[in-house]
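In structure tokens below, several structures.
Common to both upcoming complexes is chain A, partnered first by chain B, then by chain C.
Let's look at the complex of A and B:
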């Protein structure tokens, strides 16, 4: 079929798509308002839910009066905990020995444990009517004593939140290498501090939303969910609702951001799925912003008491830390409450050589919304505490901030390097990133500008933060300690259909990460087609046997690795079939830009021709050569890859108003081989700006009774374009990690380094006044208090 | 509550639907007129995801009642360009990777459409100020500012 082609033989140099700023394939639909987010879904006969949520932090439910609500127009059902007696509580188990799981009911049973906890539900013909009726439900509460502060919750005799959690202690863990206490006692210098990162909200602009469709004929449920983890949700629903996975489909359609907040299982999605089946009608719930701020998992909330010992030359000798984490009312499914606080002590030694380490963490349950994964998980806190200590030490020893880091960072010859908590760093550009940041900083010139500005009543400050993170974590390391689900592998299925079109299927769930583009780039380059020819299917549990989702900077490394493997297998089949058609050796066949050819000949067909020969044309190939053009391969990196960066911040503080303005931000990072530099930049920018929020704006505040005080976007502030400076990013590529593709994960780093860099910059700006930042966010009023307290002393 | 008739010109086309007077304009556009490109991120006028143009001027659909759209000219993201024929503003957003999850994007596009007509936008700082009523949690704004800078340059005949 090829010899008739009159085309001159063309040597196609296979175009490279990996590493190119390919425009995103998901963009046209999102730009045209043609995306399909969960809240956009409308189904026939659909019912709407509104929740009645606790308005007290810790109270006994004496009675719930639903009569008036049930009689209101449009109301189909009113439900309370008793109506879900057949569904088990959500319990996040762990193999960790010092861990006590909590039992989280779908609806609060006898007690409420945080303001915002779901207590009752109205199902009605539309959301307005559901809310009208919800407002008519009266819940009679008897307030219970509560320890709102985590340290108070751990104190002897504190009121108990859960019978199954003695002393409110959900977990305790310690890491120890060497004798840190002794080393610190003998150290030439010791710096110490108590650092605190406020509780924050992931705050995706899309609130959580769920729509369940019910197929009466098959007794099957399809749940559309704004989730990052459709696979985890499907598996959990199967056991909670006693349905096999083939009658339970969880689809994450377009998802409007997650940042960890959509990375856990929520009672609302179980309820929506269960009700659709019970009522035999589609059911929809879209959370509002108040519900998001009170019932979506929250981030951070730790206090770290730490000391760092140094020798006379400024080399770190030992680090000790005591951490208390406030995990809120329930240990979140599936990650458990260990995820965030344990990561703090696991990552505290950071990218440095510190011989002795002791880090202990205790996590307390308190009557506040549950905490869960949030971009950076544990590391923003760890890096903030350690990098503050590093800068305090630099000041103590009279060393420039870059120099003290240079003396202590893990050097290229030290890799692989095991830090005191047991984490292993592989070669990554620790020093290279620092050097790039230090060139950008130009400290001599900055100190001159700083002195000049100070004379004019403006305080300038500069701050560095160096860190490393583990990304693309394989099955040897649990994302959360002792967690019973495997997050370490991904499977890719790549198929060429009878028309020659390419579909690549994954179990991940993009919610802004551009996976439809970056995975298409990988498949395109490996297979020899164009990215726009590859349709990426993901976010649908029916498409894959197992998978968890997208979180923890895993998708590029693990999904990308699986894509490479599967595409290479498929390419072998393509070449074998083409070789038969061309009557050449498969090794002579090449592909590129949608063409299959043999260089130096006029053997040249496209993928549609090949597909026709394989699937449709009964004469082109011998029967046993008509193998389906499909390949499936998995990838499990076993361990993880090490991503590193140094962040640099400059601030300017108005000496009168104490307004803090971030004037410059620069990131030097090593994320390995970039799949798409535009996408990498976007991830860094977005992460940094969330870090700016952590440092300067975002704080969920609670009063002493556990009432949330920042329950709207007018009270809970996130950065706008006006608060953010232009962001500079330098990508360094040191030796690539030994995984297919050489990718490192990089979705979270921005949020890990920025808070520390900004805290150091603000501390530098006010260093002449004898204060430093130990609590974030730092705001003008908090700064005023710091200065006033300092003056009193 | 009884419903009323609402007639408006939506993206150049006269449409008509019924709604309770208390229904928010954002819900009306999304649920009744089935134009779901206008998103809802807060329902209290802060995030800007619901930004539409009402008689040419940007407005927050979540702060309006459906009844207020009666007789008005309303433009939403669906009126800009199509998937196969994007509007220059949409093209610029795509070129600069100015969207990630895309949830905030329709609101930004409507805001940008207006400020290109009304603001000089001489500096990036002016662009940032003009965009500060729209929240984006994904992009860190950097690429959005670059996209708008490109559009301003094209408008002003400046070659970069």
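Let's look at the complex of A and C:
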């Protein structure tokens, strides 16, 4: 009795961690320089690679002279395509019938198809010597005709880039609901335009890097890769190198950003793995920025010709679009080239009620670097085109920009709502986000400021962009249309070891998403421990039977769902074991803050005590109750869940210099239940900053021969802190989606809405001059051109 | 992106540096902010690098008779916070705020900037605007080159093989001179699409003397003598008219970030703003007196 009185009162309410601004658990490591990135890995007897890359866009390789290079000091091997005859080409297949796959060799065989394509390799004692020797390799090219522009590539008689892709047409797809052409012909108002998003680089701070280690005794390869998709890489390597998965391990250590650019399989990682085994030595390749800008997958590059029909009250009646996507030289593995351009037409109708829709996309192969996933995939382009049309319609009808959206957004009572391309929106705060943005905008006051500033030579503009996206996509929907790989499930394994420590293992691969924190919060809350007590293991194919990685705003929804399920199963085992120790019913046992207890009693042990009882103490529990404290559960949401937002931008343009300054940015978003508001803010901020780059700065430019003109960060401009205003974010939680955590994915939204909102703001600022933005990025120099062309007319 | 192999020499005196430079293919290394990227791209592959960072004779900002002498190794950041320059040539700090970013300003030097001769760079424009001269040393002795003769073309200067820039000498401006520098760049810290520097000395509203220099609009920074002449004796309110056609005879570059037409649009705007700001400052100086 006295004992019981001496104990502190037992808590009955378990601390909640989901929804709390828990400081990032990975930060002490990463911010103090104690992270371990692929480039940090040093292995004994390691060799270094340098690539010779094509300096012509489309040419036949007549000869490669490697003799001088091979004789240089420190050079171990010089290799060309012939040395990889035993490794198959990368071929991204699809169930889409109108799709033609390309064959991407590890090294260009007899033709090069873009500036930057790998042609030869030097393996040397260090990267300096490897580059010295690479410079001594002479490639004799015979230039081939090329259609650089995608429309020209699709024209009859255009030079062919791949024998297996007739007419350079990689795919064609059309979505149709109702008779859009007829509805537009009868519409009271029609607005139309041709919109273009320039080609963009994902541009992670860490360039792509790969290190392969070979274990000669086991004939096993470990590949350290700066990848978002270790599981996909492992599975592909297994078939390319004919090794079983238990002798092929792919590890994504700390990864310094991806944004989609590290979300595909690259020839370099296959080469590094193959060479380590062939040379029986560790092999390292760290791409430099020039290689990053020319050989990492690129984003966007579509032209959208679209028309929106409205009735007299400003309600949308029909939408029609013709899209041409420039997918570059190869259809990327595993997503295929359908990923980006098809998403443009799938998402074009956006969060609106539009009865009739027709959207057709054609994707052309051209001699430029391959495009691939990029934060937002397809939707930044779709939202930019549609939201510009919406603002053009508002101007035409004399409606405020928020009002025209209010009249057309899918209303709460309309959910679930199927748009013209077939995508189904579940309940999300479409109108609620618009209303929040509209309050923040205070249009009446803004119009007053705008008039005042205009008189003083400063053009102010305001822009809205509303959008919806599908996140946490389950196995019934392919992330990329027709792609034969399941990306819809995740498995979590949660384990309490003999010391009582908790380890949660996933097949995902955080590269900036804070998964070590958010997944720990989930497990901590469900199990009753503190987040800092949960070690999250991820990015290692040896730790999970199957998994793909982190992309497409999936990890919180699917991985978080699996974490909840697995932790609940584990908690059942914890309670069962503790109940035996306490001699109570399992339902009476509670956990919290690392303590296992029965409320109102002095039954109270910690997880280490329980682990000792289960694993080490042979007397505490009956033999048949000593089950391992481990649980594994999977989660597949089947469908996806809808995340929505409205973005609001204000710009100020100097009427004389045309300098464009973003003065304000506000986001109202509904991502369901937040796991960690700091992390949500961080993801929104980062996404918006990339959207600012899309809108105002970033453009990969190529000349008429396919030479890249923006191959360094002096010419490829990205936003810096100086170009970013303070960002306001309002989180709205309407109805929670029907998944275990009530989470919606939100890793990409910032980049989806920002370009359109900024384009609308710039257009609003110069509306009185009769011009509007149809191409992004819009720069002062391009704005000068628009104004001059308009004056000429 | 690794440089080709080179020999590295680190002299501690000017004489040693000149001796080390007596080589077929040697390059001086100052802040390295322009040279090292070019070496990493292998655009230049010098056999010998002569690192002058430890040559004390190249440092220091001092008054020297009717001029201020700025040592070639002065970092952009040092110049920006130097009290003597702040008093005599406040336009230097104003211009330095536009040079690249903090880390680069902490390393990059005035000597390196002048010798790199980027047509958009701030130091060359200031040199031309302020009638500065450049002190040069070689094994044969010393010479001085006026700023406007030094910059020949992008990355090309009047410097001969074996010569080292030792310092820049800027004459003390007449009392009451207002100065201004401004530029337009796509992002903070980028090389300017166009830049303008001006000095104006007023007597009441009458302009006694005006100087105007532009950067980024030709192969080298330039003075606009005709406008300066037109402004001498004019009323300060005539500035806008005087610069309205400033772009007429210019053929600015066309590049990825700024078209020639856009630059042409910027020229009169920047010229007017720089001159008006300088005039305003001159009038403030008169009031303070």
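In the analysis below, the second predicted complex is superposed on the first by the 784 of 793 C-alpha atoms of A that agree within 3 Å, B and C clash if a C-alpha of one lies under 4 Å from a C-alpha of the other, contacts with A are read in each partner's own complex, and residues count from 1 in each chain.
Here, contacts are C-beta pairs under 8 Å (C-beta built on N, C-alpha and C of every residue); 3 or more make two chains touch, one makes a residue touch a chain.
Just so it is clear, the model here is predicted, and its values are computed rather than measured.
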| item | value |
| --- | --- |
| More chain A residues in contact - chain B or chain C | B |
| First (chain B), second (chain C), both or neither touched by A:452 | neither |
| Touched partner set for A:311, first chain B, second chain C, both or neither | neither |
| Touching partner for A:24 - first (chain B), second (chain C), both, neither | first |
| Which superposed partner A:128 touches (first chain B, second chain C, both, neither) | both |
| A:688 touches, of chain B and chain C: first, second, both or neither? | first |
| Contacts of A:788 with chain B and chain C, given as first, second, both or neither | second |
| Touched partner set for A:720, first chain B, second chain C, both or neither | both |
| Partner chain in contact with A:780 - chain B first, chain C second, else both or neither | second |
| Touched partner set for A:186, first chain B, second chain C, both or neither | neither |
| Shared chain A surface residues [contacts with chain B and with chain C] | 127-128, 288-289, 712, 719-720, 722 |
| Chain C-facing residues of chain A, complex | 127-128, 131-132, 135, 288-290, 656-659, 697, 701, 709-710, 712, 715, 717, 719-720, 722-723, 779-781, 784-785, 788 |
| Chain A-touching residues of chain C, taken from the complex the two chains share | 1-5, 41-42, 101, 184, 186-190, 193, 256-259, 261-262, 265-266, 269-270 |
| Touching residues (chain side chain B, partner chain A) in the complex | 20, 22-23, 27, 30-31, 34-44, 46-47, 49, 76-78, 80-84, 86, 90, 93-97, 99-106, 109, 124, 127-129, 131-145 |
| Interfacial residue positions of chain A with respect to chain B in the complex | 21, 23-24, 26-37, 39-40, 42, 127-128, 203-207, 254-257, 259, 288-289, 511-514, 678-679, 681-682, 684-690, 712-714, 718-722, 724, 726-727, 750 |
